[in-house]
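This is the structure, below, for whatever I ask next.
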Amino acid sequence: MPQKTVIEAIREGMDEEMARDPSVFLIGEDVGQRGGVFLASDGLYKKYGEYRVIDSPLAESCIVGVAIGAAINGMRPIAEIQFADFIAPAMNQIIEEAARFCYRTAGDFNLPMVIRAPWGGGVHGALYHSQSIEATFAHIPGLKVVAPGTPADAKGLLKAAVRDPDPVLFLEHKRTYRLVKGEVPDGDGVVPIGKADVKREGKDLSLIAYGLMLTYCLEVAEKLAADGISAEVLDLRTIKPIDQAAIVATAKKTGKVLVVHEDTRFAGIAAEVMAIIMEHAFDALDAPLMRLTGPDVPAMPFNHVLEEAFMPNVDRILAKAKELAAY
Amino acid sequence: MASVKMPQLGESITEGTISKWLKQPGDQVKKYEGLVEVITDKVNAEVPAPLAGVLKEIKVKEGTTVTVGTEIAVIEESTAATRTATPSAPASQPSKPVVAAKGAEVPARAPAAAESAEGRTRLSPAVRALIEEHRISDAELSGISGSGIGGRISKKDIEDYVAKRAQPAAANGEQRQRGAGTPVPLSPMRRAIASNMVRSKQTIPHAWTVAEVDMSNVVRFRQQARDGFKQKEGIDLTFVPIIVKAVVEGLKAVPILNASWSDDGVVMHKDINIGVAVSVEDGLIVPVIHQADRLSIAGLAKVADDLAKRARAGALTIPDVQGATFTVNNPGTFGTILSYSIIAPPQAGILAMDAIVKRPVVVDGDAIAVRSMMNLCLSFDHRVLDGVSAARFLQGVRRWLEGFSEQIPVY
Amino acid sequence: MATKTQEVEAKGGQSRHRSLGLSDDQALRIYEVMRLARAIDERMWLINRQGRAPFVISCQGQEGAQVGTAAALRPGHDWVAPYYRDAGVILWFGMTAKDQMLSFFARREDPNSGGRQMPGHFGSRRLHIVTGGSPVATQLLHAAGVALASKQRQEDAVTAAYFGEGGASQGDCHEAMNFAGIHKLGVIFVCENNGYAISVPQSRQMAIQNLADRAAGYGFPGVVVDGNDVLACYEVAGQAVERARRGEGPTLIEAKTYRFTAHSSDDDDKRYRQAEEVAIWRQKDPIQRYAKYLRESTTLTDPVEKEITERVDQQVDEATEYAEQAPDPTPDDLMTFVYKQGTVS
């Protein structure tokens, strides 16, 4: 099986979906001629032409609003927001419109659209090219939110998102674009939305993560194994609808859970995961639930010292995991 | 890691000689505690440690001269205090906080893992669920040591206990190294014994009383009978079956010793099952002679011999080690004359027969004779019975042994 | 610059509707829909003031701009993205008095939303009416997107996006016109300029007199029309639609009109405008003006008028009765259709 990077997997996913279904098109800033600022759509403009790979004006509300309109009228748009940090101007269209179309028409309308956005830090992107947005949008009923961490999952979930009848926010961790390589199966390889994945089995404690933190947690699990601690790593993959069964299963299996995310702490996804475990697996707990997250500051600063202080890293995750193991 | 450098011990000093290391690698070092003695042209000084921690490495040997600023040692700063998972204090005793690194500064971060009664009794939901599932009694629980923070009993501790409880004779499970130093790994048997001993002493109020027994008649009989017995039965006629027989008679006369304490009342056992302690390579095992009151001396001898052989071969079954209502212990084989045995719960007593020793005693009025004397040491559960019953029991056993004659049937 | 009305009237105006390609029946149909829109609205106010329904948001006074422009489109083929006042538009596009009343009483059978939205939040996939929410002007981008899809599939369907002059201040309005202009999309932007955004007058909404002037900034024509002259609206809309179908791109139509009622049943318009002003505009009631024209062109006779009145009244009465009896949604209905699959995760 071929090894690909996350960005290659995403590009392939889009290409294959556009080839398979003529109603699929891409719209966003710089996606056409340039192939995207991260080259996510490199080559697609040439292949599919200007009506299926559309260079939009610099207007996020426009990108999403037009995508909504196209989805109303029989198309399956992929709207790219250049950086998750810039999604705010489109909030009105996403939250008030896209998320509610199906509910407010009691199912008469539905929007089969995807909003793709690179997120996350560790790339010296500073305050406005490093943010995590999954918690904000996961809170909105009517949206689906996915955050793959591996190439196979990125491609598979992108296909699932395109084929999904509802609006899907597809979050691609920009640090994983070229950093994370993996096997991507040939053929359709659709990964279902709403299903987490045990990336590594274990029995002493559970690490629950997604995005870049998944890669870090796998590294941590390897180091823990050398110390005789068997860590299970659960990759959420989908933030909403969250895989409650998988979360509960791993908590019941090990009794010790550490949730890791890059996003700021307060009301981040870890809070929801921990609430789910408390509600459904309390009697299986052998230690208090723990989380390791980004700090509650507005965003990740530019200076590398500050950026490193912000981002959870392998050493910190390892230390916290050991603390949990020793409880 | 912190680097310790040769200090400038005087204005124009450029070098110093290591005279004597006051600490060795592995030693704990307090801040400002004397680390090394240094000789210079002007000054002989004791150099204090710049920080608290563990001396990791000595870079410069005694007698060597180095320039000022040269690295002479490496100290590992103490961070979170080491947690020594020592066996937890019993729940009934007052809490004893254990300071992690002796002599080390207490770090600003979380205090050292303090053993406390509170730590032990705080049971997580998972632990509580397992306790219920496996019906672990409070008594058993108090004997389980906790490997978690503060002596907390973790899920794993319960799981390990349950595994061992199921197979007391089998050697299973892995050992866990703990704490500072290099302890000898515990075998499952040692663990089980330790746990049972603790449980027994914690829950049963032991009282102890001793009777001196003139075994001369028994000794004489045995000397006469053993060869013929060996020829006929193929096994040795030891003192064990005779003592057991005496104990059985004693229990029949004073049945309160063949009972168990429970919160609902003293449970009198119908059967008399005598556990006979056998020492094996790793410790002690107590196979049980079931319904010992129905066996003759020869019968007891056979059963005891078989059990002892199988015990030493590690071939006992679970029924072999279950159901004892009273235990007889034989420490005297190694020459001890008084022994305080620990009762095996839920029994009410344990009798130790110590060494038979020839002693001058007063007989028939005021004459002195040399007799084979043996001490019978009874440990009993003072909840179930008082000294009077204990003494009466011993009296019964003693009288039976002292009155031993050829009239007593062996079969 | 002369409005279309003045130009047409100068030509003699007797058979204006025929010169615009409308048959007598079609001209009467337009009249009837305007009458129906008005009658439904009046009934809603009565019921609201009786305390039997919580909310009305009216079309009264703007029927000419609404039905006139909508009549230039092909229901079922073309698309409309109305705003909350556009009863005239959606009735032309196939909604009925019953639909309106079901929505008014928020019944389970309400075709727009199953009782989930307030009245005035129109939507029907079947009728090509884009669903609207309460945030203002978001529908303009949706309309541009619908038109984009038509272009991508090389269909000649036209989309009409409706909004008030208040909505024109929203960023989405600018973004939609900009995008539509760049790609020459088949969308017509219809602004019903009634002079007030709730209470804020036009002078506080923009620095210019004619919103239509902005169209030049987006690269397409802007047309001012008398919004209370239904045939003038029909004419300019027809031209815009033809332009769009030919692939020449958007048009901005600014229909100058007036809102007879307060913004909604929760508004008191006496706080910000004079009764005299309203009275003046009542004189220019688009329904009365059109009726006068129709009589003058002998298209509308007394018997026909009576017939229309009876039909309208009957529809309104039947619709009201039906909707009053219709069942409400149940608490179980709360959780459905968060996602298209129908269940909440």
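Here are some notes:
The first chain written gets the first letter, and so on, giving A, B and C; residue counts start at 1 in each chain.
Quick note on the criterion: contacts are C-beta pairs under 8 Å (C-beta built on N, C-alpha and C of every residue); 3 or more make two chains touch, one makes a residue touch a chain.
This one's a predicted model, so the numbers in the text were calculated from it and none came from an experiment.
Ranked by C-beta contact pairs, the top interface belongs to chains A-C.
The most centrally placed chain, judged by C-alpha centroids, is A. Centre-to-centre spacing of chain A and chain B amounts to 56 Å, using the average Cα coordinate of each chain. Centre-to-centre separation of chain A and chain C, using mean CA positions: 41 Å.
In terms of their C-alpha centroids, the spacing between chain B and chain C amounts to 92 Å. Per the touch definition, chain A reaches chain B in the complex via residues 255, 282-287, 326-327. Of all residues in chain A, those touching chain C in their complex are 25, 51-52, 56-57, 59, 61-62, 64-75, 77, 89, 92-93, 96-97, 100-110, 141-142, 144, 165-166, 194, 240-242. Those residues of chain C that touch chain A in the complex are listed here as 79, 111-114, 116-117, 121, 123-126, 130-131, 133-135, 138, 140-153, 159, 171-172, 175-176, 178-179, 182, 333, 336-342, 344-345.
Residues 83, 124-129, 148-149, 152, 154-155 of chain B are the ones touching chain A in the complex.
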